[in-house]
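After the structure tokens below, expect a handful of questions from me.
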Amino acid sequence: MHETSSFSLQALVPLIIFFPVAGLLINVVAGKKIGDPWAGIIASLASGSSFVIAALQFVGLTQNGFHPATIHVADWIVIGELNIPWAFQVDTLSVTMMLLVTGVGTLIHIYAIGYMKGDPRFHRFFIYLNLFIASMLILVGGNNYLMLFVGWEGVGLCSYLLIGFWYDKGAGGVGNARAGRKAFVVNRVGDFGFALAMFLIFWTTGSLTFDKVFAYFEEHGGETQHAVAPEAGIGKLLSPAQQDEEPHGESAGPTIVTIATAITLLLLVGATGKSAQIPLFVWLPDAMAGPTPVSALIHAATMVTAGIYMIVRSNVIFNLAPASQMTVAIIGASTAFLAGTIAVAQFDIKRVLAYSTISQLGFMIAAAGMGAYVAAMFHLLTHAFFKALLFLSSGSVIHGMEHGHHALAHDAEAHGGGGHDDHGGNGHNAHADESHGSAHATAHEEEHTFDPQDMRNMGGLRARMPTTFWVYFIGAVALAGVFPLAGFWSKDEILADAWKIGVTDGEWHGLVVYGLLTVAAFFTAFYMGRQVLMVFFGGERTEAAKHAHESPAVMTVPLIILAVLSVIGGAMNLPGLHWLGQWIEHTIEAHPLDFNFVVAGLSTVIALVAIGLSYLVYGQRPMTTMLDPLERLGRAFTFLNGKWYVDELYHAIIIQPFEDIGRFLAYAVDWELWHDIFHDNIIAGGFRWIANFTAWSVDKGVVDSFFDGLASLVRDWADIFRRFQTGYVRNYALAVLFGAVVVLGVFLLAR
Amino acid sequence: MNVLFSTLTLVTFFPLVGVALLLFTPKEQKDTIRWIAVGASLTTFLISLVMLAQFNPADPNMQLVVRSPWIRIGSNWNIDFYFGIDGASLLLILLTTFLTPIAIFSSWTAIEERVKEYMIFFLLLEVGMVGVFVSLDLFLFYIFWEFSLVPMYLLVGIWGGQNRMYAAIKFFLYTMAGSILMLLAILWLGINVGTFAYTDILGKVPAAAQGLLFLAFAAAFAIKVPVWPLHSWLPDAHVEAPTAGSVILAGVLLKLGTYGFLRFNLGLFPEAAKQYAPTIAVLAVIGIVYGAIVSYPQKDVKKLVAYSSVSHLGFVMLGLFALNSQGIQGAILQMINHGLSTGALFLLVGMIYERRHTRELAQFGGLWTVMPLYGTLTLIVTLSSMGLPGLNGFVGEFAILLGAWGAGQPGAAYGSYAYAAVASLGVILAAVYMLWMFQKMFLGKVENPHNNGLADLNWREVVVLVPLIIMIFWIGLYPAPFFDLMSPSVTQLVAAIQSAAVALR
Amino acid sequence: MVPTSYYIILSVVLFTIGVAGVLVRRNAIIIFMSVELMLNSANLAFVAFARSFQPASGAINSAAMAGQTFVFFVMAVAAAEVAVGLALIVAIFRTKHSIDVDEVHQLKG
Amino acid sequence: MSKVILSSLQLVIASGFMTLELIIFLALAVIAVAAAIAMLASSNAIYSALFLVLNFAVVSVFYLILNAPFIAMVQVTVYAGAIMVLFIFVIMLLGAERLRRPDSRLAWQQPLAIGLGLALLGVAVFGLLSRGGVAASPQPLNPEVALTFGSPREIGRQLFTGYLFPFEVTSILLLVAMVGAIVLTKDEKKRPTLKSQTSKK
């Protein structure tokens, strides 16, 4: 269907999955043997090759005039009208995501070679990472909702595996495992919504393929007043006769808007799960239990943006459902605000970033909800750059802190103390314990041990880790939205959209969204300032910080590349040029906005004020003790530090009741009542009672005694007769002869 | 066709050759006995592959038919020796012949007492199970149905755990109780229609009589499946059965029930099926959610898996009574999937039981560190069981739920979307209990000193598991061959049900 | 020719002697030999009757031949009986160290 | 002495009361009965066996007279030869020519047995005589019939046509008897039992 020149390039797209799968298979088979660092190098090569393929797709699209293409690999599920292929959708949107996933992914692979050095499960880590890349590419590359769902759950699995990568660490030895499970289960709640949305889409449109679904909604989009007709061939159980009786049209039945609203709200449930929005955001902070490269790759740059990708992909349906769009926007903005406030009061360096991620995802969701799909994608991309950068640099900081602590511990051991044994694990994991035992999700639970992620333990690292400091600084400023770094441009575009809806169009929810996002932006700038000041400035607050040192080049080089991208990333979609907008416009409807100087100015001012405020609190008089100046806020700080007690709330209203009900059903209802009382006592016991009654009273008492009497009668007679049984064969023979003579006599003589 | 040497007769009765050989093997030669049993069941599997090759996937009717008059009493007792298969029974036969060698092979070291009798019963069990799937005469079906009970009863009762007699008798009595009603219904049908042959009865059952007949058949099948709330025998039987027994019990015997629903309740009584679909769906949905919730707090791994069967079989029932292609094909595939995944889970539980002689969750923890290969394979099976896309469980569950949602359309079988929606909650809960189990067994630190130094899987255990794992991936990634096999038969069935539904209106 | 009944009477006499042997003697082997004698007397009767049924001229009467054929079968049975019977005697002798049939009276009521 | 016998024989024959054939019959019958009684009466089992052989030999002569040459030969080879040798062999093997315990607890049975035996004889003979047909004696066979009747060829034809099934059954019977004899006489003690095996483990 396309020019031959580009066809060959797009036919390559299945390879984008092939490489990571091949990489992971190699590591499954031989990873343990080739070990550190070759397993990592193979995985990085696999991911890099996928990046090359993605780049070729980019070239291919530019060559053929941005025509989307579908590459069919095989049929997957074909049942009746249902026809789901393994097929790839190559268009500007998916290629954008592919480039992001493979590009950032490759950098993080390389970084991880350094970060995971010496871990006993080194190769397994890279198997998971490659599996993740493959799943994520299925997610963004599929041409139907079910493949999207496959990738969606696949990345969820990788997330589960990687959060629990150090499955024997964390609170009580299972903290990490528990965090992984929490992530998976919470995501499954989202998937539940997504699955129902798919069912509804299929039974409405008769397909799950993007093209056909969107074509249906575009075709029927105008019929807002009528009950919608199911696509021909669907709902065949309604017999033909019945369908004739009820011609679709004016009669009762859902209109296209109702259906679109239902579908989009269900999709939103899915998005809130994967993209960590209210109410399902609780898993993401706990997910920081995973190794830091995982936090960067999965829980900041790529997987968590899947929800945004899905909404942007489904824009045709969302556009038909204004009520859903409003819901999406408000949920996004609220999440941005809520997470922003929580981030302010956290001490764990990764936890701050985690809440920051939730907050920024809120920005993107809000943008998608306002129909500003390009802005959402723009922020998605820039955020991927600087948040991956921030996470990786925080990993570098943690790495440095650990090595500092490690050096100290060795000193202490040399002087006769052995204080770090309580980190312990079993023998062969000892090294991993020392170098990475830090990944505790919940720092305060193990206060007696040293926590290299606690920002209160840091300070003054600027001098010890200069490269890390500079890239961290760039990332922080980009996130805070300071002109002219990447974050400024993308965040500003979202705010401008909210302003347009709220102020220009006068919609109330636009104002609410704008307000919430602006406050969130303020908090963003504040907590980033707080973090940089706490970590890198002032004096070292612990011995470990004093002994921290810079990370190796294999880690810092990817950081520098990401830092560059964070600086220039904004150029992708500069106002007036709108390169990204034009590029994505080939796939989805985009309406570029003019640059809004009021919004831009306002947000710049807000960011600067927030940074200034953070300097006032943390910069002027640097912290010297473990006491955070903000703690003087008292209850408010405790509340924010406790994350609005959402986890506790969920525990009280969902988890505890579920466990209680489960236990009640399992033990009381199913076992005691149903199994023991009903079946064993009533049915079996009743039967036994009847049987006993019959056996002892009726059978033994009446029937048996009658036959007993008969039997004893027989026995008495038998006592007489038994004397005839002498046991001598010849006696018996005599008797036989006697009989024979009698019989013969009767036969021969009796006539 | 020659009755004696047709493929179906051969695939059904070939294990008897193994039985005959075993009878002449001295019981001291345990290894010879094991090899004979494995060889006989593997040969049966090969014969079933021949059957697969002879099967024409495009033909929706019964194929490879063998039929000859068997018992004639008077003019209205016409009992035939009548074998034949369609896509659904073909797949279930393949599942049976595939799982039996695996189950036998897995008993290699687990069974040391009375090996000869054990193997003989196992092969007899295979005859019974395959016989149920190939029989097209209702009387013959009933004979095989009851026959399959006996070896299983003995397997549980002789080689089972602590409480084996209780479990065995309970299993036997429950299944038997349901079968009585079915026998009555079969006799009624055979005498009133004048034949016991399935294909001849098809479409001839008067609508007025269908209701009671449906319930009579359903009583037998619902206990076997088991449909909530008739599941009380299942945890007992599963917990007490020897590992291989559990594998076959979960893998095939429960499918006898769902197969019966598919073949007889849907096939013979379409009007009644349409009428009772919402009722069955309610029970199925309750079973899904209830089974999942009850699995979670279990302390015994085997019991947890047993209750998860209740949940999974709920999905199958929900799919069957959606009465559309997606639901029914998904249900058939899910029967296969459940056989593979839950079978594999029981095998895995058996392997750890052989090492630790306990199945209590609290006794484990951190096993992944000690037994990495075991942990990884268990993870794959666990994920398959909770329906992760790319593995087999997902394809079946997705098709079932999609079908159930379609059945929720106004005028369709269920008439409400609530069934599919609530059932989908089961997918969330599956993640809850399955991951809980995995965490308790494999994650965390090794805290129980007994778990230190456990040997990882040996080659025999790997050989047992690898075919299952391959199938798990195959069905997950490329289920098309399986759907192709069953599609024509199911399409014909659905068409028949729809025309019956029109007639009902 | 000697009348058939003479042979029959001889057969009866021999049979009676056999019966008496079974009843009078305790030695299992002699009892056994007496049984053989009885069988032999029966054979004699068979052959005698066979001869009497065969007409002097004309075709062979197959009914008459049946008598001789039957004798053949009786001999086969007798051979089998002897084999098993003597084996039994040997087996009994092993446990009882005697072939006195009166020693074997476990069936005494 | 012999002259006396010969002349009295001639007298008897000449009187027409008896033929030569009858005389031979009677003589042989006396020998047969005497041998049977001697078998019954001798206290040594070996003697018994030898008397029985004599009896069998005499009976085989009767068979010859009765136009049953095949049966007669079989009688001599199988009965008098094989079977009786087996008897003697067993007697020798067990060393049980005489019983160790002469007294019998069943002495009371002997008169009873003899009485009943005589009754049997009486009933049979009386029954036979009372039915007539006693005097009927078959005509001598024509030469061509005599050649065929009772010949091995004719018996073989009978066995493989009309009596094929019983014949085959007989072979199975003999096989079973052989197996039975082997099983019965096999030494029980040398057989490995399950108990001894399991106890070894």
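Read from first to last, the chains carry the letters A, B, C and D; within each, the first residue is number 1.
Definition applied: contacts are C-beta pairs under 8 Å (C-beta built on N, C-alpha and C of every residue); 3 or more make two chains touch, one makes a residue touch a chain.
These figures come from a predicted structure and were not determined experimentally.
Comparing the centres of all chains, each the average of its CA atoms, the largest separation from chain B belongs to D.
Nearest to the global CA centroid, when each chain is reduced to the mean of its CA atoms, is chain B.
Taking the mean of the C-alpha atoms as each chain's centre, chain B and chain D sit 70 Å apart. Separating the centre of chain A from that of chain C, both taken as means of CA atoms, is a distance of 97 Å. Distance from the chain A centre to the chain D centre is 100 Å, each centre being the mean of its Cα atoms.
Taking the mean of the C-alpha atoms as each chain's centre, chain C and chain D sit 6 Å apart.
Multi-chain contact residues, meaning those touching two or more other chains, occur in chain D at positions 105-106, 109, 113, 116-117, 120, 124, 128. Residues of chain A in contact with at least two other chains: 728, 730, 734, 737. The multi-chain contact residues of chain C, meaning those touching 2 or more other chains, are 19, 23, 26, 102. Residues of chain C that touch chain A in their complex: 19, 22-23, 26, 31, 101-102, 104-109. By the touch rule above, chain C contacts chain D in their complex via residues 1-10, 12-21, 23-27, 29-30, 32-34, 36-37, 40, 43-44, 47-48, 50-52, 54-58, 60, 62, 64-66, 68-69, 71-73, 75-84, 86-91, 93, 98-100, 102. Residues of chain A touching chain D in their complex: 728, 730-731, 734, 737-738, 740-741, 744-745, 747-749. Partner chain A is touched in their complex by these residues of chain D: 105-106, 109, 112-113, 116-117, 119-120, 123-124, 126-128, 130. Those residues of chain A that touch chain B in the shared complex are 74-82, 146, 149-150, 152-154, 157, 160, 164, 167-168, 172-174, 176-178, 181, 184-185, 188-189, 191-192, 195-196, 198-200, 202-203, 230, 234-239, 241-242, 425-426, 429, 658-659, 661-663, 665-667, 670, 674-675, 678-679, 684.
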